[in-house]
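Next, two complexes with chain A in common: one pairs it with chain B, the other with chain C.
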Partner chain A sequence: MRAGTAVQAAKRRSASKASTVYLFALPATLLFVVFIAYPILWVAGESLYTGTADGRAVFAGFANYTTILSDPTFWIVVRNMVLWGIITIPVQMLIGGLLAYFIERHTHALRGFFRTMFFLPVVTSVSVISLVWVQIYAPYYGIAQEYLKHVGIVMMTSPIGDPKTAIYALIVVNIWQWTGFSMLMYIAGIANLPSEVLDAARIDGARGWRLGVHVIVPMLSPATKSLLLLGVIGTLQTFPIVHLMTGGGPNRASEVFGTFIFKQSFVLGDTASGAALSVIVLVIALVLSLVQIALLGARLSPAGKDEP
Partner chain B sequence: MRKMLFLATTILAAALYSAFANAEQKEVTVWSWFVQSTMEKSIAAFEKAHPDIKVKYTYYNYSPEYITALKAAAASGSLPDVIGLQPGSLTQQYRENLEAVNERAAKQWGDKWAEKIFPVNRKQMLMGNPKGDENYYIIPQESQVLCIWYNRKIFEKLNLSPPKTYADLKAAAKALTDGGYIPMFQGAADGWQNENVFLMLANQFSPGIVDKAQAGESPWTAPELVAAMKAWKGLFDDGIFQQGALGAHAYPTGAQLFAQGKVGMMALGSWWMQESKFPPPLSEFVQNMEGFDFFYMPPVKDGNSASPPVGGIDIGYGLTKNGGKNPEAWTFLAEFTNGVGLQEALNDLNDLPAFDGNAPKGDITDHVKDMSARFMADLPKAENQRFASPAVAEALDNALAGVAAGSTEPEAALAAVQAASEKALAAK
Partner chain C sequence: MMTLLSRNRIRGVVIHAVLFVVLGFWMIPQVYMLSIGLRTPAQAFDAALFTWPVTFDNFVTVIRDNPLGGIFLNSLIITVATVAIVVAVSSLFAFSCAILRLKGSMLLYTTLLTTLMVPLASMVLPLAILLKTFGWVNTYIGLILPYAALGVPFAMVILKAFMEDAPRELFEAARVDGCNAWQTYWHVALPLVRPALVFVTIWQFIVTWNEFFLALIVLTKSEMKTLTIVPMQYSGFYMANPGALFAVLTLIALPLILLYVLVQRAFVRGLLAGAVKG
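Right, the complex of A and B next:
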């Protein structure tokens, strides 16, 4: 009888504990449902309908998807996104990593100054960055031209005005803006490197290049993995720089997913194909993230430490 | 205790008075991308004339902020009472959320109210309406006429006069370039500025041809439009536009350089006069528009005439379904488009009126009055500047950029516009 009461009391306590846990999870769950899950489902639903001339929405199945996938602009966007990812992510990581290493290892009194200077573009308004870089790229009257003319170089066209070079010119701006973020992630990683491991490596004769490549770089892999994941997501989210500098032009040569979705939904008023594009981007982001987590593991904090 | 009681009574009385005062004053909500400083003057004049109405204005940058805010508000049924609109595609996107204004306007301004609006504006007010729908969903506030502005002080210094032929234009561009100036600044990264120049050229080859092409009455691949497209490419190849124009923006880059006296010519419109009313410091060229005058694109081919005036509605406003339930919203809209609000905008030289019989007043020089009068004389005969379908406008933007970059031939580029036009007409 007593044992039964104790078991029942334990069950009640367990149930009460479980309900408390759910109660704590409720606010976050509600926010997720209202601001993330519901909009995703709404957009997915919209992508299956199409608007008629009299303003009605009729079920269209996957017609919006087939229209988008057969649009040549979509494949220009895919090409641009691939270029954006494979150029910006490694270059930002490489320059950011080198900056972090030299700042942390070879500067002392001016460490804070260098960290701030290289991080400044990250916190600068994209509008300002875009305006300045448009002026830098301008031939004839531009900022770069002012310096180049001293060495006899005359820019005949603007890199963002030529369909062949526009996407690369934007990639350069993106790298300039976001390298400071990679640097910061690596600085956090370097600051958390266990000194005893580095000392042991030095005692074993590891110096300079060898210490960097065989000890420091592998130990910074959690930061690298985080940057890779964030870089892929950031690539798919690219919008303001392109919108402000080229608007996706000339002749759609620098179009990215963000500007393509914006044009379809808000400029052309075709929200159905905009929704279909958004779902396609969501699926791509999901697949890429899952592949990365599967291949690289989920230890993504800059410090790379396991949970206690 | 007595002090506490007195304090509590005072606070309660103040709160009640404030609530009563607010209840007495009715509110109108307005969204637009219209220049904030001018809007504030218009609202102040309106509120002075209607002290019982409070206007709550929200300013947005046009793209992407304004058009995304409209879309979100329309989807959630929370549009303000009055919204800024452009005729054609933007108005049509929100037609379901707008009140037809015909009856209210007739009551306000008389049965023949529409005749007071310049013909090109009237045409644009109906652009994109479904067949048989003669309702107006937009009331235009300001009109514009497109033109080529030139810096007359630089022209004087280089012994140049406004070009009358294409050879003159080329010679002026060369003289400006040789003199260290940008010849004609084209913000060719902006589709709107490319469209404007193309419309000047196309209407020079055959007035009204773009309207016919939009309506499906003439193909976009018509010889006149192909010739206009070739002339467009010529402006880049012949050094009329600055080098690297395809990567440049008209605003703020081009406008700043033009205002500073570093540019000889720029294809803009009558709205350029407002620069002289911006807060100081102003350059010697912008001060009272002393440095500027305008001409129309000279004939780019033997046998052509100079481009006719092209223009129409600069900005208009619509009464939303929400605004339809608020009687003060129409009062504001009427005063803002053809009353005290408009007068303030005109005094600020914001642009030309959409309703005939209005003119700027106040501190304006003879030179500005003369230019304004020339624009006003040209407005009634202006060709249409606007597009009914955003997809066609987008296709034309891409065609113009492709041809300018040399990556597409004029015929192929216009064939793509024709395809977009056929699709848009079929969907209608």
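Right, the complex of A and C next:
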């Protein structure tokens, strides 16, 4: 009798458990469905329609995509994004990695100070940073042209005002802002290197550069792969620095996906081509991410601890 | 032995010197910003990193003339609410995957993870239309919920990994003692992953506070604007007065910098703890 009620009670409990435990997963799922999945499906659908003069939406197949792909600005954007990625990502890794190495392995009392100071650009509002750099680059009263002429670099105009140099000038700002992030990722990696391996390598005679290049660099590859993955996604969503410093100009020379989408969707109000562009950026991001995850085993978290 | 020791010391001094020189160059933009903010109108356009004398007049002017308190409050409300939702929602979800191991939770987890590969640039148009449909343009909630949805996956990854690393016996013991799932979550799981909660809180705070793209589109009324999107306004307003412009930019950048300096130790500790199991 007692055993029977116990079993019943246990059954009731597990029944109520089964229904309420799903509440743990519900809020995250709801947020995802409403604010991520639904908007993506909507934009994918919208990209196949085109508006008419009387405000009706007409199915257009891939017409919006062909229009975008035949727009010369699109190919300027692609070129700029490739430049952005292949310059920004390795330079940030190199400077961030070197800083991390020297800070972690050769400083003690000042370690926290250096870690914090080099990270400050990351926590400084990007709109503030952009305006400061506009001032730095400014002709006549900016400090870049004033000080760089002492090392033989003469700037007649602002580098962001020249179509040939604008994108590089913006890349410099981006590198400056985000190198602290790469540094911190490598610091996490270096601080957690197993000391037995380092000691063994040192006993084998590996020191200085050889220890760094042959032992530490390979052991930091999880951090490097995460930075590559985050760097590619970060490149594709570049917006504030470009929007605030050049607006994609001069003459669209520094246009990136973010500013292009912004103009098509919100300045021109051309939702159809804005939607097609959004889908293109999304597909590029997913393909590049999945390729890295599949080929390199790259991970999405900074700690390099989770599965992709 | 002596020569080795002193050679190490010399190397230490050289490395510190190099780091300080690099840091000096690295800090130029911030130093320059503060320096222009401290100039008199006569020096404002000097092409120099430092000028003398300095004045605090610009700071007095911009604080007196601008509703910086209200803008700061907008940033604070949006950021704190987003962080609270992200931490609550992602820890509940991580618990359901890592501890309860609900049927289907891993599939859901993988689905939510795809969010991390979605560039915000491709989300602004559909989100803007969605928020317009909801009537949420120029509201706090119109930024808070999308920010939360974009932030949850990253926090969930970190928290799930920490919960999986916690000793399972503790959760078994809680069950034997008669704790239900909610009690186990609150009294066992959350305290165990505290460093991760701190890390996720700080990171989400930084990201939300500095978010620009969506805020630019959703917040068009000036009384709703956040600290991140007002600098453009000021750059037009104070075009002829760089001293005032850079004073207000300094004030806008300051809160998050000060906060980070205060919490950086806990932040780095969380980051280091997360990497232990490579």
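In the analysis below, the second predicted complex is superposed on the first by the 263 of 308 C-alpha atoms of A that agree within 3 Å, B and C clash if a C-alpha of one lies under 4 Å from a C-alpha of the other, contacts with A are read in each partner's own complex, and residues count from 1 in each chain.
As a working rule, contacts are C-beta pairs under 8 Å (C-beta built on N, C-alpha and C of every residue); 3 or more make two chains touch, one makes a residue touch a chain.
Quantities reported herein were computed from a predicted structural model and do not represent experimental measurements.
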Fit or clash between chain C and chain B when superposed on chain A: clash
First (chain B), second (chain C), both or neither touched by A:48: neither
Partner chain in contact with A:24 - chain B first, chain C second, else both or neither: second
Broader residue contact with chain A after superposition on the shared chain, chain B or chain C: C
Partner chain(s) touched by A:265 [first = chain B, second = chain C, both, neither]: both
Which superposed partner A:137 touches (first chain B, second chain C, both, neither): first
Contacts of A:93 with chain B and chain C, given as first, second, both or neither: neither
Touching partner for A:155 - first (chain B), second (chain C), both, neither: first
Partner chain(s) touched by A:81 [first = chain B, second = chain C, both, neither]: neither
Chain B versus chain C as contact partner of A:171, first or second or both or neither: neither
Contacts of A:228 with chain B and chain C, given as first, second, both or neither: neither
Single chain C stretch clashing with chain B - from 92-100, 110-118, 128-136 or 182-190: 128-136
Interface residues of chain A shared between complexes with chain B and chain C: 131, 134-135, 140-142, 243, 262, 265-266, 271
Interfacial residue positions of chain A with respect to chain B in the complex: 53-55, 131, 134-135, 137-142, 155-163, 166, 243, 245-247, 249-253, 262-263, 265-271
Chain B residues within the chain A interface of the complex: 63-64, 67-68, 71, 89, 92-93, 95-96, 130, 182, 188-191, 242-249, 252-253, 257, 262, 390-391, 394, 397-399, 401-402, 404-405, 407-408, 427-428
Complex interface listing, chain C residues touching chain A: 11-12, 15-16, 18-19, 22-23, 26-30, 32-33, 36, 45-49, 88-90, 92-93, 95-97, 100, 102, 105, 108, 111-130, 145-146, 148-150, 152-154, 156-158, 160-161, 180-182, 185, 206, 209-210, 212-213, 216-217, 227-232, 235, 242, 245-246, 249, 252-253, 256-257, 260-261, 264-265, 268, 271-272, 274-278
Of all residues in chain A, those that touch chain C in their complex: 17, 20-25, 27-29, 31-32, 34-36, 38-40, 42-43, 46, 99, 102-103, 106-107, 110, 112, 114-136, 140-143, 145-147, 176, 184, 187-189, 191-192, 222, 233, 236-240, 243-244, 257-258, 261-262, 265-266, 271, 274-275, 277-279, 281-282, 285-286, 289-290, 300-306, 308
